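In the two complexes that follow, chain A is the common piece, with chain B as its partner first and chain C second.
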Partner chain A sequence: MNKVMSNKFYIAFYIAPALLLLLILVFIPLVLSGYYGLMDWDGIGEKTFIGLENYITGIQDKLFWNSAFHSFLLAIFSTLSLIIYLTVSFILASKIKGADLLRKIYLIPMLLSSVAIAQLWVKIYNPSNGILNVFLMSIGVENPPLWLANPSIVLFAIFVPILWQYAGFYILIYYAALKNIPESLIEAARIDGATPFQIATRIKLPLIKEVVSVTIVLAIVGSLKYFDLIYVMTAGGPNGASEVMASYMYKLAFSNYNFGYGSAIGFLLLIITLIVTFIVRKLTETKDKLEY
Partner chain B sequence: MGKKKTLTLLSSAFALSMVLTGCSDSGETGDASGASDTEIKFMHLWPEGSSKKHYDVVNEIIAEYEAENEGVSVDLEVLSNEQYKDKLRVLSTSGDLPDVGLTWAAGFLEPYVGGNMFAPLDDVIEEDLSDAFVPGTTEAYALDGATYGLPLELNIVSLYYNKAMFEEQGITPPETYEELETAIAEFNDAGIQPIALGNRDSWTGSMWYMYLADRIGGAEVLNKAIDRSGSFEDPALVEAAAKTQELVDSGAFVNGFNGLADEEAKSMFMSGQSPMYLIATWDLPNFTTNESVPQEFRDSIGYLNFPTVEGQGDPSSFVGGPGVGLFVAEESEVKEEAKDFAAYFVKAWGEEAVTKAGVIPATKVDAETLDLPEMYVDILNELNGATNITLFADVQMSPDVAQVHLDSVQALFGNEITPEEFAENHEEALSSE
Partner chain C sequence: MGRIGYFFLYLALIVVGLFQILPLVWLFLFSLKDNNEIFAGSPFALPSELRWENYEKVWNGGIGTYFFNSVWITVLSIILTVLFASMAAFAITRLKWKLSGLVLGLFMVGLMIPIHSALIPLYSMFLSVNLIDNPISIVITYTAYNLPITLMILLGFYYTLPHEIEEAAVIDGCSIHRMFFQIILPMTTPILATTIVINMIYNWNEFVFVNTFISSEGYKTLTVGIQNFIGQYMTDWGAIGATLVISVLPIIIAFIFFSNKVVEGISSSAVKG
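Right, the complex of A and B next:
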């Protein structure tokens, strides 16, 4: 095997298919969308070059920043919810009864497609027939909230299924990381008289710090470009109250036939995500390499 | 076993897969063209799975056409609605549109006409179809004096109501706005949410606003505001917006309508939760012939023309518009044959479509001679006596402005903006065009 891997030709050969696909499906469209952003283009007719006009409009667009605010709000909530997932993983990893079954239950939402989840929660939130409001009315709430119709709560109502959807994913990652910690370290700490809480916060947490920082990046980036559930459940409505950056981009390009501007917004989304990722990576950087 | 052998195997498998995927597209078209001299490519959006009846009618017409025209074959491609729109756009950028296809009216075809993709069809209409269409339908496909589509469907919006529920509560079906208000109050007293509305798809709310505008200000006021010979600040249009909010405040619509999709609202109407539902004729089969809807429900449904407001308005003036129509591609290599096929299709479509698929066609049909459910006959007669059909506002407007309109409708219904702000939003969007 070593002989094969030292041959440059074979290395290139192995990388080529993936690289090719990545180029065709990711990098070339990326550059192209940046380029389309320079055009006044309805997606069908002639393109006219208009320089940076789309980008300037984008930066001054109130609706875009409104949707960006919603995306960042989602990012904050996703990051905060990591604390809950981490706690759950600690409990699951501590050899409690039925941990295995619970772990599987937490994973179920991840196995469902986003559209199915969206449909499920649209039914749950239905103002007259949904299980949530029927329950609220049965315990005497006279005017239960109109979850998806009230502009001031719709965003948070959608956050719930989004966070629920990804819970299993993060719990799985944390669980695997926690299981990886050698038993001997825990044993040593216990002999030294550490309480379970101390073991969790002083021993285990530092040991999986790298994993945590990766999940923070994942959660933030995933939130900033989030699209599917929101699109199916409210399509950004009512009147933009649940619009996020990606759904705004989609609306511009595919409903308004404004591909030039839509591409520019897409490119701005990319830049924002890159900057945020860079900052988060810097903030969560760990200097010392862990070995055990 | 040498590593090399594995690698060769892998690489050839990879190469083969590339060849296979690359080939699959061109293979199909090659086969079909062998038998005949001329091939017309036709793309439509009624897949067998979801629109079986439409699909069958299309196939029958094609079979007849092919039998009558030796040497011409029609190559069919079928996609579902959204995929169809996407594919049409992609094909248009590569200059590869089908010879004949379906398009929507006004705002939708504007970019295609601007890009010189669709052929003008005025010659076809003059020659072959001069008196075939219901007046006002082809106009929706006209741009700068040329017509680019042959309309197939015509939808008008009516207020459908559940007779059984009205009788049970002893309420008379409303013919005026004042009666509508009374009915709303009485249903609310009985604990029934009066009107099913799914305003997440805000074109549904737009229909309410449009009808109120029509009844208060007459047939032209909204059209004029959109084509800029008038204004959305016209007192009649502001009053229509105010009346809309008045309805909302009186509890006319179901709870949380701004978060409901039209499909959800429809299911509330069809399950007897709400007694009224404003929708276009595309839902007629559900109220008449659709066997999967309980007979009892279908029997209890009636329709009303939208109520007059304070004695104003003409009940025979409708909101509606043609649905899809046929286009012929400008770049088509068989343009003459394609035009001939399109004309043939439109003529054959009318009676076939209404009797077999329950479509109200844009071509004139004689309702009395056909075997149709009563509600169809009534509505077709209603159409013959129509004084005006105002095209759906979001179809009339360019896509950008339509989006502003739809968002503003949602905000208006949600009491987030005042009628004056509603007018301002439109004025701003229309004037920046």
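Right, the complex of A and C next:
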């Protein structure tokens, strides 16, 4: 039995396809990204080794930090919006008829491509014919904002479709966690005279805090990698007002053909993501494992 | 809680539901209108006449090609991902070898990688083997990047399969390949369905790889194709609406039929990620 199950040929046969694809297309490119970052290179011609120059330029690059600032701002918005999602989930999990159907309806935007979502919201924000401004004008707002052309509001305007897209996803996770709490615990609290608000904040919330910390990591790390929606809606504009790290890297490499510098920025994006993941995990770690 | 309390709770939930669904209702309505009606009429008014010709126009104008590319690239990538991930799950949970823990760890790390950090090297790798502007590059990239999440979803199920199965199979003289392909793989059908639905959503919606590796119109998928297309029809809202509806319809239909699988897949992909 053990002889068959530890036959080297069979092991190689079953693990090789997945492992090779993972190594060649996921891990080797990451290492290469760090290496290309040491080169002056336009993507086609010769690579010239220039040491850490690209990384030093990156660290001093105002445009890069500007885009990183926007990425972190999105991460903060995303984390704060978890409060809304959590509130909705609490309501949904409080013996609501049709909760299952509702959470599926909430999930629909999550299933659509970011490109379709971006194009739809470009239309929604259209200055004269989008539903948002049509609505604002119908209630008497004289000059409704140019949502995507105004540098001071464009980032907020982009955040709304993100909120819309991910609502169903987080509500789904929270709802499942809340439904897992045994009814007997809630019943005991009710008998002791706890109000619904106390039950929610003092009993249910602490019981699902592990799930909450996972979603905080997902929201923050997801925001740092954000690209598709922003690239399609504004391409980082107007004038860099909605540029994020990934869109800045993409522009450097595939519009300016600065592959060496783009790789360095891509590598910095990787390092920043890993560091932030580590810090957020540490900060939200739940020490005492809850058993119920 | 009293009746009034519940009334407000329902009201809140319905408001959220409307926020989630109304943009899509609006999209569907204007995909059946012409510009005059869209600009002059009320946004949520029903079309005076159902202009299906918007759909016909964009389908024949090139969306059809993008659609079929999306279909075959999605299907082929799903088959490869699910097959390779199943084989890997079998090797990791059933076969006995020292490095299995390390390999599993590599796949876990693969879950956290930001794809943009790998984009430039992938581009230059594909360029050097002549796979730029070749859909094969897309299929193998989708397969590689979806393997970690697919494997994670599968592993939970593989761990619960009783070991008696392979003991009995080996004693009966069954080969490893027959054991995997004819006994174990069919037993995992329910979880395979979940991974297939999740992979379908990921592949159908993917944008940046196609946008970077593919330049010929004939190979573009819907996400990238509709970008150019909408540029072309910049002012024709009905045509843009029809394009967007066509691009999201297969996913919506899959969701209507397999909503429980989608819910299951999305929640397991989150908790493990």
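Assorted remarks:
Just so we're on the same page, the second predicted complex is superposed on the first by the 271 of 292 C-alpha atoms of A that agree within 3 Å, B and C clash if a C-alpha of one lies under 4 Å from a C-alpha of the other, contacts with A are read in each partner's own complex, and residues count from 1 in each chain.
Throughout what follows, contacts are C-beta pairs under 8 Å (C-beta built on N, C-alpha and C of every residue); 3 or more make two chains touch, one makes a residue touch a chain.
Small disclaimer: the values here were computed from a predicted structure and weren't measured.
In the model built by aligning both structures on chain A, chain B clashes with chain C. With both structures placed on the common chain, the touch criterion links A:Ile76 to neither chain B nor chain C.
Once the two complexes are laid over each other on the shared chain, residue contacts for A:Ser114 go to chain C alone; chain B is not touched.
Touch counts on chain A: comparing chain C and chain B, the chain ahead is C. With both structures placed on the common chain, the touch criterion links A:Met137 to neither chain B nor chain C. Applying the stated contact rule after C-alpha superposition, one finds that A:Ser94 touches chain C and leaves chain B untouched. Of the two partner chains, both chain B and chain C are touched by A:Tyr10. Shared-chain residue A:Lys104: touches chain C; no touch with chain B. Looking at the shared chain after the overlay, A:Ala235 reaches chain B, while chain C stays out of its contact range.
Once chain A of one complex is fitted onto chain A of the other, the partner contacts of A:Gly43 extend to both chain B and chain C. With chain A as the common frame, the single stretch of chain B that clashes into chain C is 77-85; none of the other options in 23-31, 59-67 or 77-85 do. Looking at chain A, you'll find residues 1, 4, 10, 13, 17, 43, 128-129 touch chain B in one structure and chain C in the other. Across the interface of their complex, chain C is touched by residues 1-2, 4-8, 10-11, 13-15, 17-19, 21-30, 32-33, 36, 43, 88, 91-92, 94, 96, 102-116, 119-121, 123-124, 128-129, 131, 134-135, 164, 167-169, 172-173, 176, 196, 211, 214-215, 218, 221, 224-225, 227-228, 231-232, 245-246, 249-250, 253-254, 259, 262-263, 266-267, 269-270, 273-274, 277 of chain A.
Across the interface of their complex, chain A is touched by residues 3, 7, 11, 14, 89, 92-93, 111-112, 114-115, 117, 193, 199-200, 202, 254-261, 264, 268, 273, 399-400, 402-403, 407-408, 410-411, 414, 416 of chain B. Taken in their complex, chain C has these residues touching chain A: 1, 9-10, 12-13, 16-17, 19-21, 23-24, 26-27, 30, 38-39, 43, 83-85, 87-88, 90-92, 94-97, 103, 106-107, 110, 112-125, 140-141, 143-145, 147-148, 151, 166-167, 170-171, 176, 180, 201, 204-208, 212, 222-224, 226-227, 230, 237, 240-241, 244, 247-248, 251-252, 255, 259, 262-263, 266-267, 270-271, 273.
Contact residues of chain A toward chain B in the complex are 1, 3-4, 10, 13, 17, 42-46, 122, 125-129, 146-151, 154, 234-235, 237-240, 251, 255-258.
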